[in-house]
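What follows is subunit A paired twice: with subunit B in the first complex and subunit C in the second.
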Partner chain A sequence: MDLGEFEADNSVSCRLVSEIPQICRTEDCCLGIDEAGRGPVLGPMVYGICYCPVSKKEELKDLKVADSKTLTEAERENLFQKLDEARSFVGWALQILSPNTISTSMLQRAKYNLNSLSHDAAIGLVQYALDSGVQLKEVFVDTVGPAEKYQEKLSQRFPGLEVTVRPKADSLFPIVSAASICAKVARDHAVKGWNFMEDLGDVDTDYGSGYPNDPKTKAWLLKYLDPVFGYPQFVRFSWSTAQTLLDGKAATVHWDDDEEDGEKAAARQNNKSMLSYFSRAAGGNDQSSTHQTHRFFTERRLHSLDAL
Partner chain B sequence: MATKKKHTPNTQNDSWVVIAADSAIDTQKHDSGPAFVKLRNPSTDSASLYMLGSDVQLYEVKAFKEDFHSWFIGQTVQRDGRLLYITPVDPLFLILPYLMKSGKEGKFQRLDQVVMDEEFPACSRLLSCTRSLASLHHIAEEKEVGGQKFHRYSQERTMDWLKKKVERTVTALKKSNVSVGEGVKSATYVRVKQDSDANEEDYLRYAHGLISEYISGDLSKALLGHLQLPELTSPKETEPPSKKRKLSDKPVEAGEDYTKFNSADFARKPPKKMTAAQKTLAKVDKTGMKTMASFFSPKVKTENK
Partner chain C sequence: MSNSSVTHVQMSSAGQTERTAVHLMPCEIEHNGPAQVSQYFTAAMKDRKHEKTVSFRGRGLRGQELSCPQGYTGLVLKEVNKPGSDQEDRTVRVSSVFDKLTYWNMETPPNSDDTIVMAMSWPELAEAIHGPVDD
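And now, the complex of A and B:
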């Protein structure tokens, strides 16, 4: 699998596709969707689709594709090879969501959560297949979140398709297993050959599985924590693992959409305490009204200084 | 994920980000380099920061400051996200309060005896600024006796001078398309296009307000009269007038029993999160707006003296 296109700029989302088998443009096809790398704090999340003519489902079964999680890395490579060899009737497409994309989506002002991100990636890939002329009829999806809601969302988005969303779909439908293998292989490659954009010198690549509970991953996160910038883009900043470490070890950064509550926030916003309305006005009334700066300055956030 | 972040006070900075004219900070040309000085702010009567440029001009220092800003400078981070502007200011504005004070005695006096301040000893340097002495006739009458100059504050001259300042400011405001009209202003939206309904009085008032940033409150009021602008009767700040309680000889008794609220199950609920719409609303600049409560309070009678 050639990930060159993604490695050229691994800060954004990237789509990799196989050539579209001719037969898929003429015959009714089924399509499977699965993802890899949802949980890790490190590396990209990969969305994969695999499609083939409905008539060739049996041949796909003969390839013995199975749920990627039950396979070793070598077995997955092997199976991907087989899928590649079956390119006369099997096609695939991948959406690689870089860790940076995930961080910036989840941490932006209007929060864009991982489920929506996943759903949109899946929808984008199905749309890609349709746009490329694949005669889609059936879609099988391993669920993200509640299966029924997701199925409804997809059915509404693609009224012409028969959508089946199931938990564990990757072990039930061979086409979903195939998609899961494509996604997992791509993720393995991306993580292994991660091209660090940051100037980190010789990077220690012994970061373990990338999952938050892996002690190796945690040790790596601690090692590469910069007090000002935090982490390289390889890390998903939106993960609580990363955030907890940043809160403890890195310099505090305040953003204007930080959620503060209680008295502190009220004080910052110059809200008066309810109690103040019941107390007597302090001192003479007129003296309390201090000099008010002209709006030319207040609108432009300009202040006089009394010291540097 | 309730992380508590502490706003620690800014630590001492050894660098600032400044916008200033080259001539003001040119250390090569002149003997005296640029120096920051604390002087009495004519409007607030308290200390403000000024700069005496190496071109012997007076500059005022203003800071653009908003929450949540920092600088990246070269390979360093500066926590203080301020941007300082060093802009020329007419030294007459700062000399004026001293002249006015001594003018009450009605005598012609030597300037170096007038412009003195124990709190701000640097004020004597105001007199050595370019144009300071040459432009004094705008605010004072001059007399020359035996080669020495004496001055006395003149209200008429000052008013005429300030009026000219206002008129010039109006011209500048028009040129730079500053929105001077009334209306609710939003913190996130500064109008760039000219209000079509902004009239000459709006400009005059706005310019008067700007000039008032450089003169005392009394002078500002006098200037308003000189410009023949009626004083606006704006509603007093936000707070509604407190209700007067009727006095009586009877012992005070609680009208209602509030003690039930003190029980344990009436615990303080945590403040609710504001929705995005509420947050935006909270950011609106409410200056000049009446509070809802003020519409229900009895009208305050304005007495004509």
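And now, the complex of A and C:
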């Protein structure tokens, strides 16, 4: 699997696709969707689709694809190889969501949560298959969240398709297993060959599975914590594991959309809290406050300075 | 103010200090000291057509370069010895100078309404209203 396009800029989301088998443009097809790397605090999350003609389901089964989680890395590589060899009737596409995309989406002012991010990635991939002329009829989706709502959302979005959303779909439907293998292989490669955009010299790549409870991952997160910048973009800042470590060991950072206690924020910025106007000393005694700065200056945050 | 202390700025050092890259961040960082800016920040910065992009602590920033008003130089001042009381005079020296800076917005694209861009128009206006009048 060639991740060159993602590795060229791993700060953004990237789509990688196989060639579309000719037969998939003429025969009714089934499509499976699965994800890899949802839980880890490190690296990208990958969404994968795999599709083939409904008439070839048995042939796909014969490749002995299975849920990627039950396989070793070598077995997954091997199975991906088999899927690649079956390219005359099996196609795939991946959406790689970089850890930076995950962090900045989840932490943005108008919060964009992981579920919406996942659903949109899945919808984007199905739309890609349709736009490419794949004769889609059946869609099978693995989910970690509530299946019914997700199924309703997808059915509404794609009224012409027969959508089945099922927990553990990756072990029930071979086409979903195939999608899970594609996604997991991409995630494995991306993590292993992570090209740090930051100038950190030789980075220790012994970061374990990337799951927050893996001791190796924990040790790595402690080792690469920077008191100002926190972490390289490889780390998902929106994960509580990362936030807790930063809260304890890095400089505190305040953003103007922080949900900070009003009085505390005011004290920090040397402003008056609303409450202070109700105290005894407030009112006409303060001579300096009678001078009002013109809007021109307040809008530009310009102050005349008489002391540092 | 009852405080009669004076702050001196040592300008003598300004001539030979090096120019440095200055970033104006849309957040307050409770840190006063060196930071690995080039390793973590500059290295990950992207130059797009009309803006620069980067992220800090997992938040997306968009920014642009801004020049100091003509005839002005930016100074980074550093206090060498902090006085023990607010009655003592203070001395700051110029630790570096800059003629442009990069300012960053949180998520919004840089535009002409940004506070810092508008602030840069003050010197020209000040000159117009306070400068000598031609007869």
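In this section, the second predicted complex is superposed on the first by the 280 of 308 C-alpha atoms of A that agree within 3 Å, B and C clash if a C-alpha of one lies under 4 Å from a C-alpha of the other, contacts with A are read in each partner's own complex, and residues count from 1 in each chain.
One rule holds for everything that comes next: a residue touches a chain if its C-beta (ideal position, glycine included) is under 8 Å from a C-beta of that chain, and two chains touch if they have at least 3 such contacts.
Remember, predicted model here, so these are calculated numbers, not experimental data.
**Q** In the superposed arrangement, which partner chain does A:Glu259 touch: subunit B (first), subunit C (second), both, or neither?
**A** First partner only.
**Q** With both complexes overlaid on chain A, does A:Asp247 touch subunit B (first), subunit C (second), both or neither?
**A** First partner only, subunit B.
**Q** Under the stated touch criterion, which partner chain does A:Arg236 make contact with: subunit B (first), subunit C (second), both, or neither?
**A** A:Arg236 sits against subunit C, while subunit B stays out of touch.
**Q** Of the partners subunit B and subunit C, which touch A:Ser116 in the superposed model: first, second, both, neither?
**A** A:Ser116 sits against neither subunit B nor subunit C.
**Q** Of the two partner chains, subunit B (first) and subunit C (second), which one does A:Gln108 touch, if any: first, second, both, or neither?
**A** second
**Q** With both complexes superposed on chain A, which partner does A:Ser18 reach: first (subunit B), second (subunit C), both or neither?
**A** A:Ser18: touches no partner chain.
**Q** After superposition on the shared chain, which partner residues are touched by A:Leu302: those of subunit B (first), subunit C (second), both, or neither?
**A** Touch partners of A:Leu302: subunit B and subunit C.
**Q** Determine, under the contact definition given at the top, whether A:Thr293 touches first (subunit B), second (subunit C), both, or neither.
**A** Touch status of A:Thr293: first partner only.
**Q** Residues of subunit A that sit at the subunit B interface in one complex and at the subunit C interface in the other, please.
**A** Looking at subunit A, the two contact sets intersect at 228, 252, 254-256, 268, 299-302, 306-308.
**Q** With touch defined as at the start, can you tell me which subunit C residues reach subunit A in the complex?
**A** Against subunit A, subunit C makes touches at 1, 3, 7, 26-31, 35-36, 38-41, 43-44, 46, 55-60, 77, 79, 90, 92, 106-107, 115, 118-119, 121-122.
**Q** Name, in rising order, each residue of subunit A that touches subunit C in their complex.
**A** Per the touch definition, subunit A meets subunit C at residues 9, 11, 100, 103-104, 106-109, 197-200, 226-230, 232-233, 236-238, 242, 246, 251-257, 268, 299-302, 306-308.
**Q** If you look only at subunit A, which of its residues touch subunit B in the complex?
**A** 228, 240, 243, 247, 252, 254-256, 258-262, 265, 268-269, 277, 281, 289, 291, 293-308
**Q** Quick check on the complex: what are the subunit B residues that touch subunit A?
**A** 1, 3, 5-7, 13, 16, 36, 38, 41, 43-44, 46-49, 60-68, 77, 84-85, 178, 185, 190, 206, 209-210, 212-213, 217, 237, 239, 242, 270-271, 273, 282, 285, 287
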